[in-house]
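You will see two complexes here that share subunit A, one where it goes with subunit B and one where it goes with subunit C.
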Partner chain A sequence: MAIWLLPPLLWFVLFMLVPYAITVFYSFGRMDGVLFAPDFSLENYRKVFFDAPYAPIILRSAWIGLLTAIFSSLLAYPVAMAMAFNLPSERARQIVYILVILPWWASYLVKAYAWKAILGPSGLINKGLMSAGLIDEPIRIFLYNDFSVVLTLTYIFTPFAVLSIYAQLERIPGSLIEAARDMGANGFEIFRRIVLPISVPGVLAGAVITFSLGFGDFLAPALLGGSDSLMISSVVISLLGVANDRPLAAAIGVTIIVLAALLISAVNRLEKRTQVRL
Partner chain B sequence: MFAGAKLGVQMRNPVRLNILTIALVASASFPVAEAFADGELNLLTWEGYADDAFVKPFTEKTGCAVNPTYVSSNDEMVSKAISAGSATIDLVSPSNDATLVLIDAGAVEALDISKLPHLKDYYPAFQKPAWLTKGDDLYGVPYGFGYIRVALKEGAVPGADSVKALWDPALKGKIAIWDNLESLYLAARYVGVKDVYNMTDEELDASMKALIALKPNIVKFWASDAEFTELYASGGILGGNTTELALSKIWGEGHGDLVDIETKEKRGGWSDSWMVVKGAGENPCTYAWLDWVSSAESQAIASKVTGYAYSNAKAFDLLDDATKALLTKLKTNDPKVLNEVDWWQPVARRSKYLEVFNQAKAASAP
Partner chain C sequence: MKSVAPTPVIWSLAGGVMLFLYLPILLIVVLSFNSSPRVGLPFQGFTFDWYTALLDNRQMMKAIWNSVYVAFGTVAIGVPLGVMGAIALDRFHFPGKETFRRLVLLPVVLPGVITGVSLLNFYVWGGVKLSLFTIMMGQGTALICITVTEVFARLQQLGRSQYEAAHDLGANEWEIFWRVTMPNIRTALIGSTMIVLSLSLDEIAVTYLLTGRDNTLPMVLWSILRREATPLVNVAGTVMILLTLVLVTIGLRLSRGRQPGSH
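Presenting the complex of A and B:
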């Protein structure tokens, strides 16, 4: 084995495999007072799947993740299209590329707080509506609900979808588009029969990333969510910090890891089936 | 206290002390005469409980170096104290819902109160509290404390004198509730549960239903004093359950219309205590520290640092008039009120409590 493979391999084992193994080990155990007691019980998994509120909250988190993935993809697609086909020069493409990744230079917290300020009762939207004379007092529907959570997650994670879709669209040779045009295809036909099918793997990859990030998020619901915006990550945090129920937290973690692995392998299969050789 | 719920050690302190005066008094009347050159003290504590403002005078006088390790939850403190022992930790400062766990586990030792002369200056509620007592022995020195308030904008619910005011339909979408088990206790008190720390399944179920019934009024489960303060100051809420730090801040920002309701029901209260890890009493620095942190002088300085109220009643005398007025308004120095607080206790079924609380949080408003 090449020696240069050793550091990444060590990294992978120490920081990926070992933590996963520890999590699995904990998930079969139980708490004896404040101390962990090793065991081999499926009780924690029974709780995850059959006791309220865990399974419904996992589904709810998946729903928020799905909405994030859908809206991110819808927003990202035109941007990626423009970057791939419509910008007049390489320089313009680079500028848009930088603009897309620019928000990553700011911390997640800053961006979430910024949305809180924008959507709040004395925020930009309410002030704008009031100064336009459309409302007399601030509207409170923008903040502290699922809308504000999904909006914030979509804003923060859309760049991942843009880059993923763009990476796929960039592979389409200009000659293919030209040939289609020469054969009499119009813009819509080119999009529907060439661009869209080729872009599917990029859309799927971006969707998986944004779904996963949205699904596992806990800050946006904590900062911008309403009275029922509870996500599974927050539950895990409270199990660790409030109830000291490490085995149950670990069982939820393992369940999510398995679900994520299943999702990724399904999408991988789909990506392979939709991949077009260029 | 509960994880993430430590009343956020806030440096934006409403308490204004003449710190120089206190420091001078402290240096002149330092209770420990003996210096323990090269001594060392390892603390496992909350951030703010080993601040230089009161650690430095201690180290200068005693020669004991203080090595604090900060934790974010009682569980971390308890499990480390039990597993590590006095080889690595001398003192811990858990809250009253965890102290008995340590005592029952035999992880901490009974105190020699003859070495703690300042205890006689403590408020009666903290001289021998149930959460630090086993048999005749005292196992901890009470330190910072606070109790949970129900606060509403003046006139929001006329004549409010009960936690039931929060359920008033007039408050629809207008209150914020603490994202903490304390809010489950609040719902339990609403349905008339007497011992909120040892609820039966039926009582837990009734409390969960009460909390779900409250949801139309809840706009947000707040996580920090700053969040509650911002929500009220921006007009987003008319009140909720909150802490004295948030109240002080809100009043300090000119919103004097937020009223601390004196509820008929008891109010939950937290109290941190310094406890000696078994075997650490032999370290000469340990009792020197306990003596220092129980003194009025050090607690007045600590009050400046954290903004909390402290257990030594004489610390109050060292505060300036404005601070005294604030604490009087907050009733943190009223022995009668302190005796009526339903101080937090260990909850044997915390996982079940959390499950019920999360169920209520995840439920849609009716």
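Presenting the complex of A and C:
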């Protein structure tokens, strides 16, 4: 047993727990000029929770993450349904599965940048509308706001949601649906009373991933966001860079680590409670 | 077929989403052949010039090489440790098992920047100089969870009978691993290696904080995109798409081979 458990355990202790502990240590300290001074004060945590702009930006990031999770799930659901129920063979299913994953494998930055090329003043949409004679001037409302950020994040992370919803729908035996149909249920009833309840853990799992990826993102807001669309990851980066406030960055880090751990526990519990035995 | 919703309805919805997923990528590929010196539309003519320009760009070529180097290092760290973790979780009960499981999963929900910050604090505290090597360690740690999850799921499907039979027949741990476990988890292993490779090739958040003098391709692209985008971005993007396509195809080929566990 030890040979399997020990190496990963030691690795996690050294490269996760020790760094977390050091981060906690830094978060209690302060900056003395340009040098770090160890201390035992909660001042940085007070700043995180009560000083502008930190707590509002954490909430804002969570809001962006939530929107990303909701839209990704909504887009993913019909694709997962089509994969699970409307494909004639195992082979067709494999092909569509790969087609769903492929866009995810393309570079994140390139995909985010592609939306700039679509939404921008000389982008696909504006060029199209102008050549159709519908507008004379490029419309600037598509880019550099929360809409473009959420759209891009949704676009990038939807494949994750498809895969985790599909993993649940795949478990539904055809016989269950046939039985329901034989007993007179129509498509909508089958969806509402069989498919939807069984898919809940998959939707949850996908939503947690897309939420977390959206929450922690700093590239999409920087590339496509407005001047006010700061997210918590960009704040942490600027605290480490220009502001040179390592202790405050550490305090934000610790706060988010705790929030993430709570999220994992909550979702674990929810997934277990909503899991349907088949 | 066990269709729930009418086929035309579900396929027009799903097809719309697939179009949404592919259109931006196709646009980039098309633009990479655009002869216009400006980055975006309109399409003025077909050219390979930007591809040769990429080959001549030392900074970009170095960055591509660095990315590949880091990706393989990340696999070398993350995949073996992930397999060990999955086997330990599947086979044994030990105190703190549930905590260990959640610890493994933490980097999935934790923003990369936070993983990066804590590792950066660790390196600063220990006086370690930042380099491609520190990036590897960071990405490797963050991506162990991928292999653990994939391989663990496979091991759970298998059940314990083969392992117990081998054990009863007198095989030692090493023999059981190579002759029973390994053939059974092969496809999951290849799959997760491909995922780790491509996630590493594309990783920015952890890399951003742990990078030293040498940079990976996403970092170079990022610094270009923040200033003024050049047509090279489209080309580098297309090259990365091709690279991952090749990787995925190889992965699928390898994993489609005979699968002793499936009988």
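Methods note: the second predicted complex is superposed on the first by the 277 of 278 C-alpha atoms of A that agree within 3 Å, B and C clash if a C-alpha of one lies under 4 Å from a C-alpha of the other, contacts with A are read in each partner's own complex, and residues count from 1 in each chain.
The rule is short, and it goes like this: contacts are C-beta pairs under 8 Å (C-beta built on N, C-alpha and C of every residue); 3 or more make two chains touch, one makes a residue touch a chain.
Please read all numbers here as calculations on a predicted model, not as lab measurements.
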Worksheet entry | Which superposed partner A:Ser122 touches (first subunit B, second subunit C, both, neither) | both
Worksheet item: Which holds for A:Leu240: it touches subunit B only (first), subunit C only (second), both, or neither?
Response: both
Discussion item. Once chain A of both complexes is superposed, is A:Gly29 in touch with subunit B (first), subunit C (second), both, or neither?
Written reply: neither
Practice prompt. Answer with first, second, both or neither: which of subunit B and subunit C does A:Tyr113 touch in the superposed model?
Written response: second
Worksheet item: Just subunit B (first), just subunit C (second), both, or neither: which does A:Phe12 touch?
Response: second
Discussion item. In the overlaid three-chain picture, which partner chain does A:Ile57 touch, first (subunit B) or second (subunit C), both, or neither?
Written reply: first
Practice prompt. For A:Ala222, decide between first (touching subunit B), second (touching subunit C), both and neither.
Written response: both
Worksheet entry | subunit A residues touched by each partner, larger count belonging to subunit B or subunit C | C
Worksheet item: Can you pull the subunit A residues that subunit B and subunit C both touch?
Response: 120, 122, 222, 237, 240
Worksheet entry | Residue ranges of subunit A in contact with subunit B within the complex | 31, 33-35, 51-53, 56-57, 60, 120-122, 138, 140, 144, 222, 226-228, 230, 235, 237-245, 248
Item to complete: Report the residues of subunit A in contact with subunit C in the complex, numbered from low to high.
Response: 1, 3-5, 7-9, 11-12, 15-20, 22-23, 26, 75-76, 78-79, 81-83, 85-88, 98-103, 105-111, 113-118, 120, 122-124, 127, 155, 158-159, 174, 177-178, 187, 190-191, 195, 208-209, 212, 215-219, 222-223, 232-233, 236-237, 240, 246, 249-250, 253, 256-257, 260-261, 263-265, 268
Fill in: Contacting residues of subunit C [partner subunit A, same complex]
1-7, 10-11, 13-14, 17-18, 20-25, 27-28, 31, 39-42, 80-82, 84-85, 87-88, 91-92, 94, 100, 102-114, 117-122, 124-125, 137-138, 141, 144, 148, 173, 198, 201-202, 204-205, 208-209, 218, 221-222, 225-226, 229, 233-234, 236-237, 240-241, 244-245, 248, 252
Item to complete: Going by the contact rule at the top, pick out the subunit B residues touching subunit A in the complex.
Response: 2-5, 72-73, 75, 78-79, 82-83, 101, 105, 173, 177, 180-181, 215, 218-221, 223, 234-236, 350-351, 353-355, 358-359, 361-365
